[in-house]
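Two complexes come next, and they have one chain in common, chain A, joined by chain B in the first and chain C in the second.
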Partner chain A sequence: MDLENQARIKELAEKHGPENLVVILGGAEAEASGLAAETVSNGDPTYAGPLSGVQLGLPAYHIFEDAIKSLVDPQVYDDQISMMEMVLDVDEIIKEVSTYREQYRKF
Partner chain B sequence: MNYPVIRGAAYALIHAPNLLLAQGSTQTMERAKHPDSEYLSKLPQHLRSFEAAVNYAPNQAYIGNLLPDELNNIAKPWYDNPIEGSTQGKFGEIMDETLFYALIKISDSFDLVMLEQSFTEELKARLASHPLFAHQASLLKDGDDLADIEKRIREHGAQELHMDGKLVGCIKRAHDWDVNLNSHTMLENLVVKASGVLALKNLIAKNGISADEIEYIIECSEEACGDVNQRGGGNFAKSIGEVCACTNATGSDLRGFCAAPAHALVQAAALVQAGIYKNVAVVAGGATAKLGMNGKDHVAKGMPALEDMLGGFAVLIGENDGVNPIIRTDVVGRHNIGRGSAPQAVIEALVTDPLDKVGMKITDIDKYSVEMQNPEITVPAGAGDVPTANYKMIAALGVKRGDIERQQLADFVKEHGMPGFAPTQGHIPSGAPFIGHARDLMLAGNMQRVMIIGKGSLFLGRMTNLFDGVSFVIEANTGKVSATAGDTDAVKKVVAEAMRQVAQSLLEEE
Partner chain C sequence: MSKFRVVHYINQYFGQIGGEEKANIPPSCKEGPVGPGMAFKAVLGNEAEIVATIICGDSWFAENLDEAKAKVVEMIAQYKPDLVITGPAFNAGRYGTACGAVAEAVSQELEIPVVSGMYPENPGAEMYRRFALIVETGDNAAAMRKAVPAMGKLALKVLKGEQLGTPKEEGYIPRGIRENYFAPDRGSKRAVDMLVAKLKGEEFHTEYPMPQFDRVDPNPAVADISKAKIGLVTSGGIVPKGNPDHIESSSASKFGKYDLDGIVNLTAETHQTAHGGYDPVYANQDADRVLPVDVMRDLEKEGKIGSLHRYYYATVGNGTSVANAKRYAAEIAQELKNDGVDAVILTST
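Showing the complex of A and B:
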């Protein structure tokens, strides 16, 4: 996960409290999305960024997951996301993200 | 409309494992942070030989010896299934790093490059037998003492140049304090210049073009040359033209991240169609920083460090000759500022908006040349198969619009797409790699229409979060050349006279 985004998420968690944050991912690939979900919950597994060894425990969802998708205006979702839903391996992405989320979330 | 044409396209690759080790940004950052890292110790064992780079099928596709679609017939991984390659290609060549050091030296106007004496003698002999550079062998001069080179590195921060584990030269800084002229920047910029020279020389030599026909050069790579008072002042374009004896040309540098080549080609087409210049060359050199960019993933997965190639290309846009493929300047897509950056909006702006203007469907384009990154490099690094993702997006948009049925999605990707074959050098894979093949196929009557798409991630420059992209269509020439400018003027005069008469009669009626 991008080092700058790690720093931003860390700052947001410090400012608002990790119990008040949910991370929404838009990654195009299962492995990278899973890595992001792991980073914001259990810390950066590559030990390269500000979240190395920092277990924020944040729950991460992919925008494709029903829990998030159902909150979005259907027209906006159709305009912005539906094309990519047709293209990407939705099941694999959701499986990867939810696995890390359920394993490491604290909230 | 009298469309401009593609008179030629050339492609250059340079195998650069020593520059990868010493200058690639992943390696320089790793050395600064973790000098004893496992990655740095393992990386040298993952470097390829020049022969392996030449026999690597995607590299042969890049220089024109293999159609990209033919890669589908070669077993993967391609690095484990070499083909019989050649350093010379239909559209260009693959050069080894030793000879490229000679090219850097002859591209150096300020005595910044020092090469050791015996190494220089070796280079002179090799350069003298290269058809494009033989007449410039004397520019290598006599070389320098190794002791002087070592002193420059030790006391003045010069960048080391290595070959086969030996120090063979260095690149000096061009100013003691100016960060934009330090030795690192000068090396990167000289590499851009020298690789651009290799591409432009091949364009001229392999397409029957005379260097003095070129009136304007647009350089569209990703580095910037200038001093502390003007970081990107320029001008790579003119400096490359100078080495290539384009004595009648001027030029300028255009920047737009990976989208820059598409921007440059559209602008070149406009300059020619407007009659401002007859022949405009679009040229790009390679990116040293990107060598070994995903090396950590490649090493971790036990693969060769495949990002060992510097890339370059050159395309010549000229006036309609009734033969060469035309650039449809009325079918140009642009990702405008107000569009939003959702992938759907981007694909609409670049693909369907321009096609809608002229009533074409997405299936009217035979092939789409998108970001043609070699998937063998990007997939292990977690970035996915970039061209295939792009083709799927175009197809999905086609489904949403009703151009194709949902079950045709996979067939569309196969028929209108192709495997990625270009090195991950940012601007190099972006749309431009297929222009040479497209021109060839159209000249042979085997292809009608291609769309070239360039996209850029502008957030990297931290000035905007906007996305960017430009696209245009290349079409086989019908052979019909429309009225010349003179004829058009005559028509305009007749129309103007008629309008005057109408106005006069209206006044008289009043």
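Showing the complex of A and C:
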């Protein structure tokens, strides 16, 4: 996860309280999505960004996950997301994101 | 017992200063661990601590190599470390090269051991593997999770003076050091065992890994050879009689540049080979067999080629290292280009 986004999430967590935040990911690839989920929960595993050693414990979901998908207007989801859903490895992405989320979430 | 002292070298990105836009910052120093140093802290535990972190922009290091090495070494020396960690650099080329250059300077000038981490194809690994224990890592920063424990473990082993196993056992990139040991089986048996394992499709490990050579794509064809100026370059050791530059018969440490002005034919009276390792009788009888000056003069006369370049270059290929050969080639090629040579004929023994 790039340094600017880490800084933004850190700032939002300080402003609103980590217990009030959920992160929704749109990554196209399992490893990168898992890395992002880990970064916002257990800290940046690459130790490059502002979230190095910072355990916000935020739960992260991928937009493909039913918990999030079911909250979105089906027409909007269809227009914006469903195309990518057809070409990406949805199962692998969800597996990776949920593994890190369940391991490190505090809220 | 007091903790071992470690200094950590990282780039601007892992130093949390910024990405490419900050790659031109000169070296700076911070007390204690920064970035990946925090992960090392957990692995080093109570036995060692990162007392300082040196951060330098990758571009600045690359563009000011000598100054960068000197400054970084000076900063490191102040902290009197027992060991230096550089990186891990994964597959980042400039970062890997900087980590390697720091390792070289630290190990040579301060005589302090260095542990680093790189993807095996990082150019820094090939260039500087002799100067550090470079742990083999994945190719991007996501591999930090595995790289740090492996590097930390190796660093502690070195600090405590424990005997290191082979590169394969310890997970670092071979430094090219050979150590003698007594094998339980003789060579012929080990070779046959390997062959049998190979035929069965089982895993086996060669005792003599082949070096990896790069491949060079041929240049496009010469547009009009009848107008081209052609140079002759040989690794066949053809030199003027008496070998005036004393080019070695094996593992040549230099190349020679010789005048062909007015020469239409090489003879036993004028030229010879300096090359060892093969029967030189026929090359000494008529050196044109290795360096075809006579035929080139014919082609020049017939108008098949534009002209033969006035000078030829020669070295001895026998046992000459690839690194030296590359260096000679680069110098020779530059001179040929400066002299307006269009194409070169390379001959060997």
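Observations on the model:
Keep this in mind: the second predicted complex is superposed on the first by the 107 of 107 C-alpha atoms of A that agree within 3 Å, B and C clash if a C-alpha of one lies under 4 Å from a C-alpha of the other, contacts with A are read in each partner's own complex, and residues count from 1 in each chain.
Basically, a residue touches a chain if its C-beta (ideal position, glycine included) is under 8 Å from a C-beta of that chain, and two chains touch if they have at least 3 such contacts.
This structure is a prediction, so every number in the text was calculated from the model and none was measured.
In the superposed model, A:A28 makes contact with chain B only, not with chain C.
Once the two complexes are overlaid on the shared chain, A:M86 sits against chain B while remaining clear of chain C. When the two complexes are overlaid on their common chain A, residue A:P50 makes contact with chain C while staying clear of chain B. By the document's definition of touching, neither partner reaches A:N5: not chain B, not chain C. In the superposition on chain A, the residues of chain A contacted by chain B and by chain C overlap at 31, 35. If you check the complex, the residues on chain B that touch chain A are 340, 342-345, 347, 382-384, 389, 392-393, 395-397, 399-400, 406, 409. Touching chain B in their complex are the following residues of chain A: 28-29, 31-32, 35, 79-84, 86-87. Those residues of chain A lying in contact with chain C across their complex are 2-3, 31, 35, 45-50, 52-53.
Residues 13-14, 16, 18-19, 35-39, 141-142, 144-145 of chain C touch chain A in their complex.
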